[in-house]
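Reading through the structure tokens given below for one structure.
We just call them A, B, C, D and E in the order they show up, numbering each chain from 1.
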Amino acid sequence: MSGPVPSLDRLPGDPRYWYAGLAVLLVAWPLLFGAFWARIGLGALMWIGLAQSWNMIGGYAGYLDFGHGAYFGIGAFAAGIAMAQFGYPFLVGFGLAIVVSSIVSYLVAVPTLRLTGAYFAIATWAFAESIKQTALVTGITGGTFGLSLPRSPDTFVGVPVPFAISETFFYYAMLVLCLATMALTYYLFERHEFGYRVKALRDDQDAAESLGIDTTRVKRQVYVLSCVVAAVFGSVHAWYIVYIHPNDVLAPIITDRMVIMALLGGLGTLTGPVAGGLLVFLLERLSSVFLGSTTFYLPLIGVLIMVTVLFAPSGIIGILRGEVDRDDVRKNVKELGEKFDLL
Amino acid sequence: MVDIGLFTQIVINGLLLGGIYITIGVGFSLAFGVLEVVDFAVGEYVMVGAFMGAVLAPVFGAEGIFVIPIVLVVFFLAGSLIQPLIHHVTTGDRPHPLLMGLVFTFGLATFLRGSVLTIFGPNNQDVPSSLLTGGVTVPGVGTFPVVRTVTAVFGVTGLLVFMYYLYRTRGGMAIRAIAEDRTNARLMGININRYQSIAYGAYAALTGSAGVFIGMIFTANPGMGLQYTAFAFFMVVLAGMGYLPGVILAGIVLGLTQSFTAVYISGNLVLLVLFAIIYVVLLVSPAGILGKGEWAT
Amino acid sequence: MTDDILRTTDLTKRFGALTANDGISLSVERGEIRGIIGPNGSGKTTFFNTVTGFYQPDSGSVHFDGEEVTGWEPHRLARRGLGRTFQIVSPFKNMTVRQNMLAVQTDDDRSREEKRDRAGEIMEFLEIDHIADNEARGMSGGQQKLLELGRVLMLDPEVVMLDEPAAGVNPALESRIMDHIHELNDEGRTFVVIEHDMHVMKTLADSVSVFDSGSHIAQGDFEEVSQDDAVREAYLGGTTAEDDEVPI
Amino acid sequence: MSGGNGSKDVPTLSATGIEAGYDRHQVLHGITFESRDGVTCIFGPNGSGKSTFLKTLNGIVPVWDGTVTYGDVDLTGAKPEEIVTHGIATLPQGGGIFGSLSVEENLEVGAFTVDDAAAIGDRKAEVLEVFPALEDKLGQKARDLSGGQQMMVSLGRAMMTGADTFLLDEPSAGLAPRLVDDAFGLIERLVDRGAQVVLIEQNVRAALRLADYVYILAEGEVQFNGPPEDLSEEDELMELYLGL
Amino acid sequence: MTSLSGDLRFGGEVTQRGYDLWADTVNDEKGGIEVGGETYEVEVEYADAQSSPSTGADAASEMIEDGADAILGPYSSNVTLAVCPIMEQNSMPHITGSAESPQIWQEGFEYSFGTIPTVSIIGNEATSALLNLEPQPDSVYVTAVNEPFSVATGESMRDAAEEAGVTVENYEEFPRDADYTNVVSAAQDVDPDLHLHGGHIGSHVDLISASEQLGYNPDGFLMHYGVNTGSYKDGADDQAPYTFGATVWIPSVDRSGGVLFDSPQAYADASESEYDTAPDYTQAGSTAAGIVFQEAFKELGSAPPLSQDDKDELIGILEEIDVNTFYGDVAFETEGEYYHNNINTQTLLIQLGEDGSPAIVGPEDAATDEANYPVPAWDER
């Protein structure tokens, strides 16, 4: 197989065994390792999904969305408001998250996607901050006090869920969402004409137009799709975390993480966000486990980002695929050396 | 009913606040105009500058402004060593050069913030200054806080010095030539690496020393950088990307918008108003409120 | 009355003070291969861009297949049957050849399977089916030219506008491209071709339009045009009062 | 018409077996070239590689194979900013003036490698002597000048480098027809001052009036080289030029 | 658990010192907690909430997983609000020494307790004490940073002033990153007798600096939280003296005979010798949370690890408990809006002296020093 799913095929032996092993591990994970590791697992799955949602617009379509985290927050608050302010079950909130995020993202898409490059990046970032500031001063979001969601056991498709906020339940919820996001990405962007059109407009917008591709429409479609995916994760996150606050679920760091994960992993690839999401999430979350109580992981991540951009612009997946080898690094170092020319 | 005393004071506050923004906007705008770098680390330069002020001021008899020459030198050198890295990631045959620049500086910002937090801890640190205290009251007009006034003067002076350098010296001429066309500049014998390093170093130096002033006005804190990054972006968007003279107007607009919104509408809506303005300006007039910015994507 | 499939009337496009296309009126007959030649900066590519909707003309109109299409969006024109390529090859580098072909969007109601079959046929016709699953970035310049042609054919266009199809292509591949164009022309497709390689132009074009300084200065078959004084002047420079001093 | 009527002894700029291109795409296939006193013209159809070849001479395009020498100096692989210090100035296509800089600054940028203010002043005076029309435009932004004046700025700026050899990439392109002659007149003045000029032109007829030696390139190879007298028939030239 | 990294690291460290000092002292002096004749050494494991609610919730889960018998809570109300549901779900006894938002107790979490009273009480009582100073102020200006703790503080200050019949000239909220000259100018314009402010330390520093710069001279500034911390003293530096603050505990409180630490001063000395830092009430409240657990374990009498039944019994004990500590008598409400919060503390109005050290200046029955009121104007210092 070419391109998109390289990692497991490179391992020795029949890849089917590796896939099967991975599947068993994913399913058995919370049962094997208990609540804490279930939480770590579900966090990782959520961030992989979020990184993938950014990858749709940022990687496949090449639009640097620096306000994507807003949709995570919009999803969280849509579900939160439905559940906390109106007492609806989660599924209503889930539906609301999809509806609201589609409408908002479409309204944003129409004017904002006319911008490109850093203009688009700054505009989306300003938009996301506007949303956060609005949430901080609005009553229905709980304003500055945030929202506490009901903790009582919920029902799922009418069937009572016995473990409404148990890690295991949310682990499987995130697993399903993450796999669905991966499958959707694989199908739409790697196997379907839609994805080819998206990549086409990224690689050469004029050529894409000349081939009958309505680039304006395709851009809007990707944007709305990627935003809805982020909102879906946001809604489940709100249900799980129970207490949401604009400074948490609408924080700029959410967008930043998505961007960093997709970039470190490999932009515009199916598996890049998986690799990047795992690396960054685990580095942050497990730093206290392995490094002790220190903020040392922050400069570490900073250096990691800088080194990757300098020497492996195609990300971890690029390295795994052998796109970045020692010669490239050597060439990079040489070119870089020539630029130090102050005196 | 608008109270004239309060009104003029709000104008003063807004203008001086704008002065603080100008100190950040000048270098950022220069960096963008010449180097095409959208620098996420700008706020962290402010933060590191403020910490240098806090740490070194005691050495100079608790007087922060004496630290500034050191900050200028240290930041100039640091900046001129960082620039080649940024230049490297934004040129060549890489995919998404702009994104690479953004993300590289984002990594740099994370590194700087994390390092200061790890070394100094999360506490607020004062940048002392006994010379710049209190305010000067002009009867019938309002009070001019000394440290803010000095900072605004510093910012505007910095802008004038930059403009003098750019428009009146050979080095500045070289930098403008590079900004217009790197290849042709090389054909004139200009070593573009050197002058780009100088430009970025000058930007870092000005921004770092702005940090010392900001530390005096407020307080030094590892988390303070983010808001200044935001304001630097506000500045260049309003001024027009890379359009240096627009920075003054942008600073004034930002400062006045902020102070009038805070007093006459609601303090809670200040940031909402500012971000909304940025968003709308980008959609309506991406070249800034004067329409003179240039964006080189 | 000839059967014009593409006709521009007084098409004018300005960029600031520069008039890149100055009232160009030009008709292309259904089924012909029309060459467009002219020195650099004579407005050939601008003309392509204005006709195919990438530029909005300042004045004048474009008619395609009996319908006024002035100012249509490029993708709409493409789906209507007006295909084009670009001077600089622009394959979608991060996709395979097949994916490049399948990215093309049409209005017709062919099923995905039919489109995939059609892509297969075209690749076979252009003899690039053996690299169908290779990424476009690794291909040679000539193969990229073929891919571009193939992508345009996915539109099933009535008119194909090619901007320098032979530039940077080795002679063997060049003649292959010419053959393909002839074959497609025999099927009834109309071609408008910008080309600097006069050899190509001579063997390919049924008739040639010459552009100079944004104007359409001459039209005719290649031999006629190459003897035309205005054309010589366009290529070799102005004849001036000092003509007698010219060493030739 | 003959060149070399200046008094200077200008080194020969020569290139041997130049191969070069962009990315993986090879444009030049072994070009050997030597500048002559006066004007050496390089003609060729679009895409023949003449511009690319000029850029290998001034260091913008890296040479894959072959050597570039200037007199005794090996310039192969030298950077553009070094090459200009050896006395080779380039007028890029379109003149390459810095539109946002004033006319005076454009001239001064030309003398960027010179530190001596007095020498810069002398050269400036010299340029203004050659192009008196620039005298009262010094303070204006270069982009506000007419095409012909921009051409003067561009040539004047090249003179400011103090170079002996000038590489001119289609100086007449984009000029109104009546200005083309003026442009060539300006080039003549350079030659009169003892400089060697390497000229790429698409305005073949006009350029031939100046040429002391001609190269014709097609598809990255030299198709013809010799004195202009050898191109006796315009039809032959047309055929060579159009690659028929 | 506490926030050892991220924005809340400052408060996180204070909390950690409080918990550590308890554990070290109980282990050093008594060899641990005596339960049913056996002495068990206290082991405090930390998990880093990284100042984020979701990480905090993960950290709580990690500790439960690792077999914690009881949990000492995180710093900050946001993280606490995300952590408490985890405690409920796992029936895990949890005392926080440093979360003050009234929301927490309104939620009615069964398994969570808090040793420091909600800020709505502190802000209210400190304001009342300040308003009783002579000459009695007629008007106040109230500001608060727009985040839960600070808004709760500001609102309680405003309410106290209204209850006392003092004119509230304005109540204004603004974001942390606001420019304070505008806040000050607006206040200066109405010239109130007192300025009351709810926020964290950085905002106090900005406010007091802007006031100094603009020559804004109300008769006093009351700010909460944290004017008696080193961070405020360092940050505000020359402007720090005379600031009023609120606390429920400072080392000079006169009481004795507490469990583990005999007196507040003994506790402060221990803190000084251990960390070279004067403790504030958050640290003291955190230590007290440890002491409460220690006493509850003793009463429970079951050897660790605790079974679920033991834990449920522990909750019962905690609801009944009344411990005399250096920090005060700790007992928890069992109903109402302060459910499981310890509100038996006395709020103290403090004022920083010339050297930046706090003195108790109110309320009357607790004051040990005379307030310097009205405070000298900026140019008279």
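Keep this in mind: a contact is a pair of C-beta atoms (placed from the backbone, for glycine too) under 8 Å apart; a residue touches a chain by one contact, two chains touch by 3 or more.
A quick note: this is a predicted structure, and the numbers were derived from the prediction, not measured.
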{"item": "Set of chains adjacent to chain C and to chain D", "value": "none"}
{"item": "Centroid-based (C-alpha) most distant chain relative to chain A", "value": "D"}
{"item": "Distance between chain centroids, defined by C-alpha means - chain C, chain E (Å)", "value": "76"}
{"item": "Interchain centroid distance [CA atoms averaged], chain A/chain C, Å", "value": "42"}
{"item": "Between chain C and chain B, distance of the C-alpha-averaged centres to the nearest whole Å", "value": "50"}
{"item": "Mean-CA-position distance for chain E and chain B (Å)", "value": "37"}
{"item": "Multi-chain contact residues (two or more partners), chain B", "value": "117, 191, 266, 268, 271"}
{"item": "Shared-contact residues (touching 2 or more other chains) in chain A", "value": "133, 136-137, 294-295, 297-298"}
{"item": "Residues of chain C whose C-beta touches two or more other chains", "value": "none"}
{"item": "All touching chain pairs, where touch follows the definition stated at the start", "value": "A-B, A-C, A-E, B-D, B-E, C-D"}
{"item": "Chain E contact footprint on chain A (complex, rising order)", "value": "34-37, 39-40, 43, 133, 136-137, 144-146, 148, 151, 165-167, 237, 241-243, 245, 247-248, 284-285, 288, 293-295, 297-298"}
{"item": "Of all residues in chain B, those that touch chain A in their complex", "value": "38, 80-81, 84-85, 87-89, 92, 94-96, 98-100, 102-104, 106-115, 117-118, 191, 193-194, 197-198, 226, 230, 233, 237, 266, 268-269, 271-272, 275-276, 278-279, 282-283, 286, 295, 297"}
{"item": "Residues of chain D touching chain C in the complex", "value": "25, 45-47, 172-174, 177, 180-181, 201-209, 228-229, 231-234, 237-238, 241-244"}
{"item": "Of all residues in chain A, those that touch chain B in their complex", "value": "62, 64, 111-112, 114-119, 121-123, 125-127, 129-130, 133-134, 136-137, 252, 256, 259-260, 263, 267, 294-306, 309-310, 313-314, 332, 335-336, 338-343"}
{"item": "Touching residues on chain E, where the partner in the complex is chain A", "value": "4-6, 9, 46-48, 50, 52-55, 57-59, 61-62, 64-66, 78, 81-82, 85, 88-90, 101, 103, 107, 146-148, 151, 173, 175"}
